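For reference, the structures are reproduced in the following blocks.
Each of the two complexes below includes subunit A, the first together with subunit B, the second together with subunit C.
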Partner chain A sequence: MAKVTIDGIEVEVPNGATVLQACEAAGKEIPRFCYHERLSVAGNCRMCLVEVEKAPKPVASCAYPVADGMKVFTDSALVRNARRNVMEFLLINHPLDCPICDQGGECDLQDQATAYGGQGGRYREQKRAVKDKYLGPLVKTIMTRCIQCTRCVRFATEVAGVPELGATGRGEDMQIGTYVEKALTTELSGNLIDICPVGALTSRPYAFVSRPWELRKTDSVDVLDAVGAAIRVDTRGPEVLRILPRINEEVNEEWMADRGRFSFDGLKRRRLDRPWIRVEGKLKPASWQEAFAVVAERLKGIPGQRLGAVAGDLVDAESAFALRELMVGLGSANLDCRQDGAAIDVSRRDHYLFNSGIAGIDEADALLLIGTNPRKEAPVLNARIRKRWSSGALKVASIGPAGLDLTYKAEHLGEGPDALATLRDGGHAFAEVLKGAKRPMIVLGRAAVARPDGAAILAAAWALAESVGALTPEWHGFNMLHLFGGQVGALDAGFVPGEGGLDLAGMLGGGVDALWLLGADGFEPGLIPPGTFVIYQGHHGDRAAARADVILPGAAYTEKDGTYVNTEGRVQRGRMALHPPGEAREDWRIIRAAGAALDVSLAFDTLDALRARMAAANPVFGMVDGRIAEGCHDTAGPRLAEGAAPEATSFTLPITDYWQADAISRASETMAECSRIYNDATPKLAAE
Partner chain B sequence: MSAPHSPHHEEPASFAFDAESEAQIEKILKRYPEGKQASGVIPLLYVAQKQMGRATGSAWVPRVAMDTIAERLGMAPIRVYEVATFYFMFNTKPIGRFHLQVCGTTPCWLRGSDEVLRACKDAGHLKGYGDTSEDGLFTMTEVECLGGCVNAPILQVDDDYYEDMDYESTVKLLEALKRGERPKPGSMQGRQGSAPIGGPETVLDIPMRHAAPGRAGEE
Partner chain C sequence: MSFLQRLTTGLTASKIGTDRFGNTYYESRKTWLGYGRKRRFVLYAGEPDPTTVPSEWHCWLHHVTDAPLSEQKRYPWQREHQRNLTGTAQAYRPPGHDYSGARRAPTAGDYEAWTPGG
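Then we have the complex of A and B:
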């Protein structure tokens, strides 16, 4: 530790810390543009100049290591003058077009020019102008505004793992771009907009839409992938105008994936905004009373065991739990939230969670991916794997389709489950890596168990984890990577077949006469046998709604207070940012009202009462924002039927088109454009 | 009237190092420790540029060549683009057969680089800096100090320094180049290195000179 005095305040910081970090520890604000705590240090903007005693000139604090006994001044006349002059230089070629700039009001350059700048510039010559670059359908560029801090270059190279951005040319001709025009091939491109301190990189869908002070900001969580990134939903009036990530070190640090960030325009399109009932083969608009009357009438004659319910991938745990209560009240045990047919063993929670935790990746030293491409399934989590891999402490191998571009090196061990067996028998060198690792991780893609031999694969992966010593009381190295934000919550809510109940295949196989689909768009609705009475409750007129006999319009994740559990089992609350459109209602209320129409008494009248019941049924729902992080105390594997063994079929990946993977993103024009551009431009991606 | 398009000077569809380049690359890459081969990016860009000069008569680095280098050195293509565009010694656009690099920095300018520039324009039929002559023979660029101030003004043709230039010698040089000759580089006034014109002028009598062999004191 080094003792440093900052403006007379003595602080202790670790050796090797920078002066800027020491200043922050002392509570001093240091203006900066190029420095970003999650990127490498560039030291090129010179805004963070401070005075260090005995140094002959101001030093760039972001790149200057502390020394014991150092005395730093952050507000001396020298420093103030230096900042004024640096700012004057930065603004020489900046267009000062704040009134028409989308960054206006939340611009680091604007803020710092006001706080640390001088009175005006002395530059009277021509300013330089830079041609705008094309970086893809999500990031808009006005490169004349660029101050060349190179944060975007470092982000693309270091965090996103796509070294496609660079600074070409030199001096006045230096430009940020890709040199060869192309859309950045990353699922994290929205973060470029956040890290750009000026208005050079802004959001294309948000261009000229709003000013930050006009927006109502609601903290929520992202549900479009199973990472559960902390987000802020910015709304004005009845629409979501943008979604930004919030900092949550345990989950998403400060990054966010593009599908979660940019698919919000899908919340306005193809919405179910009023109930519909099928009359003589055609869907007709109806009132809630009429819709419930039809539901009550049609369900009356059907015995409980001939009723079934399927929950979708984006449902909040409350509505899944409420629907389960309703079905139980109706005497049905036919429940399933595994639309993909994943052979998930719900007898123990750690059989289906990402047990090491997302932050646990930072400690892992060996990682095996099984039947998963985290880059498409959980881009932020993939960036975390990359971060750990970049530090040199993590070795990665994968079993599944060959030729994946994960943004880090992964040894390919095989395409099918046989590679698992080889690995377990020590038939591959990576087995030794796993065995020798202190914190080995086995990451099993959810899709890997969504096949006929899924249970055997789950058991094999667990057995492998056990055999390499990944299951210890200190460390739980078995991980399942889910795909969407509602999947774990529905499992935790117990939305799985009860005693003697049918699973999805059983229900589709003619086991039920009536089917309640709660946002269930994940399977082919054509598989529902004709004659089955289908209730579709959800927010988008996607695949399944067209098959429905009654449509009950629900709320999307931005329109309701809901609980979502991410892939690592962290219970998080999404909050209502705006009201559902038209007649649509929050889903738990719909189910409560349907219960009344069906004469089923449900023991909750308020959201709090429902949540209390959930917490009573499963204590994890009582631990909001937390997760049980503990090792594995019982290494007994998932249940497996006698004689079940993995087949030889190769693993396939679940997400074929990252940009259109759920009901919301399928309705989004932005995502449709991304899908078109990325799938055309890189046939390799389409082939995945 | 636009410059005639030579088919050689289009962006080629592919690029591969020839045997001569490969031999050079082998030598170059040996200089760097294992795993640090990316350090060889600048020498390899030179190799590629030279090869283009040999093959097409225009020494430049097309993008496909940069991609080839990136692949060879295991680095991202953009990192090669960054280096190649940073250094003006690498031509990222096709140039003429001879690359005339006129130094316009103060010492050369004081010694008459304006005359050299005028001579290049006249003899090479060039409009100014950055221009390529219509016959495709000359491209002229302005460069900063070439470090040959003692023999200013300097005109660098490809890799060769022609020193102590003036209008006449520049015209003569360009005419020779047009004829396909390569005059001997160095001072155009015939002096040796940067020694005074007409032989030594100071310290004419050094006693040591007569003490042979070896230095005095060693005996």
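Then we have the complex of A and C:
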């Protein structure tokens, strides 16, 4: 530890910390543009100058290590003068277009020019102008505004792992660009907009839409992947204008994936905004009373065990729990939330969670990916793996399709489950790496168990984890990576076949006469036997709505207060940012009203009562934002039928098109354009 | 114009001119007591409607100019004077109005609802 005196305040910081960190520890604000906590230090903006005793010149505090006994002055005449002059130089080539700039109001340069700048410029010559670059359909560039802080270059190279951005030219001619004009091939490109301290990189869908002070900000949680990133939904009146990440060190740090960030325009298309009922083979608009009357009339004639319910991938835990209560009240045990048919063993929670935790990746030293491509399934989590890998402490291997670009080096061990057996028998060098690791992680993709031999693969992965010593009371190295934000919540709510109940395959195989689909768009609706009475409750007319006999319009994740559980089992609350469109209602209310129409007494009338009931049924729901990080105390593996063994077929990946993976992004025009551009086989070259 | 009106107008005022819509403009012969200047007024060609007075005569009528402006002198950017059409079939109706196609411009909160056909 080093003792440093900042403006007379004595602080102790670790050796090797920078002066800027010491100043922050002392509570002093240091202006900066190029410095970012999560990126490497560049030290090229010179805005963070401070005075250090006995140093001949002001020093850039972000790149200057502390020394014991150092005396730093952050507000001396020298420092103020230095900052003012740096600011004057920065503004020489910065256009004065704040009134039309999208960054206006939340611009670091604007704020710091006010706080640390001088009275006005003395520069009377021609300003520099830079041609705008094309960085893809999501990031808009106005490169004249760029102050060459190189945050974007460092983000793309270090965090996103796509070294496609760089600087060309020197001095005044320095330009940031992609060398060859192309869209940035990363799923984290939206973060470039956040880290850009000026208006050079702005959001294309948000261009000229709004000012930050016009927006109502609602803290919520992203459900479009299973990471459960903390987000802020910015709304103005009845529409979502943008979605930004919030800082949550445990989950997403401060990053966010593009699908969650940019797919919100899908919330305005293909919406179910009124109940529909099928009359003589044709869907007709109806009122809620008529819809419930039809539901009651049809369901009352069907015995309980001939009723079934399927929950989708984006449902909140409340509605899954409420529908389960309704189904139990009707005497049905046919429930399933595993639309992909994943053989998930729900007898114990650690059989289906990412037990090491997302923050646990920072401690891991060996990682095996089985049948998963985290870059497409959970880009933020993938960035975390990359961060650990970049530190040199993590070795990664993967079993699954060959040739995956994970943005870090991963040894490819095989394409199918046979590689698991080889690894367990020590037939591969990576087995020694796993065995020798203190904190080994086995990451099993959810899709890897969504096949006929899924249960055997789950058991094999668990057995591998056990054999390499990943299951200890201190460390739980068995991890399942889910795909969407509603999947774990529905499992925790107990939305799985009850005693003697049918799973999805059983229900589709003619086991039921009536099927309640709660946002279930994950399977082909053509598989539902004709003659089955289908109730579709959801927010988008995606795949299954057209097959339904009754449509009950529900709310999307921005439109209801909901509980979501991320892949590591963290219970988080999403909050209502705006009201559902038209006649649509919050899903748990719909189920509660249906219960009244079906004469099933549901023991909750308010959201609080429902949540209390959920917490009573499963205590994890009582622990919001928390997560029990504990090791494995019982190494007994998932249940497995006698004689079941993994087949030889190769693993396939569930997400073939990252930008079109769920009902909301399939309705989004921005995401459709991304899909068009990024899935185009011929790379886009510079315009001739 | 009634006989009495014609008589009193003829006795107290002199005709200044007629605009292209047929409205006739008069100026009183004497300065009005308490008004300080001669009174200028118009007798409408049809139904009394102040918005039928074109801008050239409007100027004169309100004592902005001493003499009426020429109705002949036109600039390319000048549009023909139009009286207020409120209450008539030609009245302006915003784009969202039923009588003008009922297609308003898109606004916040608009969304595209799902229908079974599409």
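Going forward, the second predicted complex is superposed on the first by the 680 of 688 C-alpha atoms of A that agree within 3 Å, B and C clash if a C-alpha of one lies under 4 Å from a C-alpha of the other, contacts with A are read in each partner's own complex, and residues count from 1 in each chain.
Heads up, the rule we're going with is that a contact is a pair of C-beta atoms (placed from the backbone, for glycine too) under 8 Å apart; a residue touches a chain by one contact, two chains touch by 3 or more.
The structure displayed is predicted, hence computed values, not measured ones.
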| item | value |
| --- | --- |
| Overlay on subunit A: subunit C relative to subunit B, clash or fit | fit |
| Touching partner for A:Tyr179 - first (subunit B), second (subunit C), both, neither | first |
| Touching partner for A:Ala167 - first (subunit B), second (subunit C), both, neither | first |
| Subunit B versus subunit C as contact partner of A:Ala546, first or second or both or neither | second |
| Which superposed partner A:Gly582 touches (first subunit B, second subunit C, both, neither) | second |
| Angle at the Cα centre of subunit A, taken between the Cα centres of subunit B and subunit C once the superposition is applied, in steps of 10 degrees | 90 |
| Contacts of A:Trp276 with subunit B and subunit C, given as first, second, both or neither | second |
| Of subunit C and subunit B, partner touching more subunit A residues | C |
| First, second, both or neither for A:Gly237, with subunit B first and subunit C second | second |
| Subunit B and subunit C, minimum CA distance [Å, superposed model] | 42 |
| Interfacial residue positions of subunit A with respect to subunit B in the complex | 157, 163-170, 178-180 |
| In the complex, subunit A residues that touch subunit C | 236-239, 267-274, 276, 282-283, 540-541, 545-546, 581-582 |
| Of subunit C, residues touching subunit A in the complex | 108-116 |
| Residues on subunit B engaged by subunit A in the complex (per definition of touch) | 63, 76-79, 81-82, 85-87 |
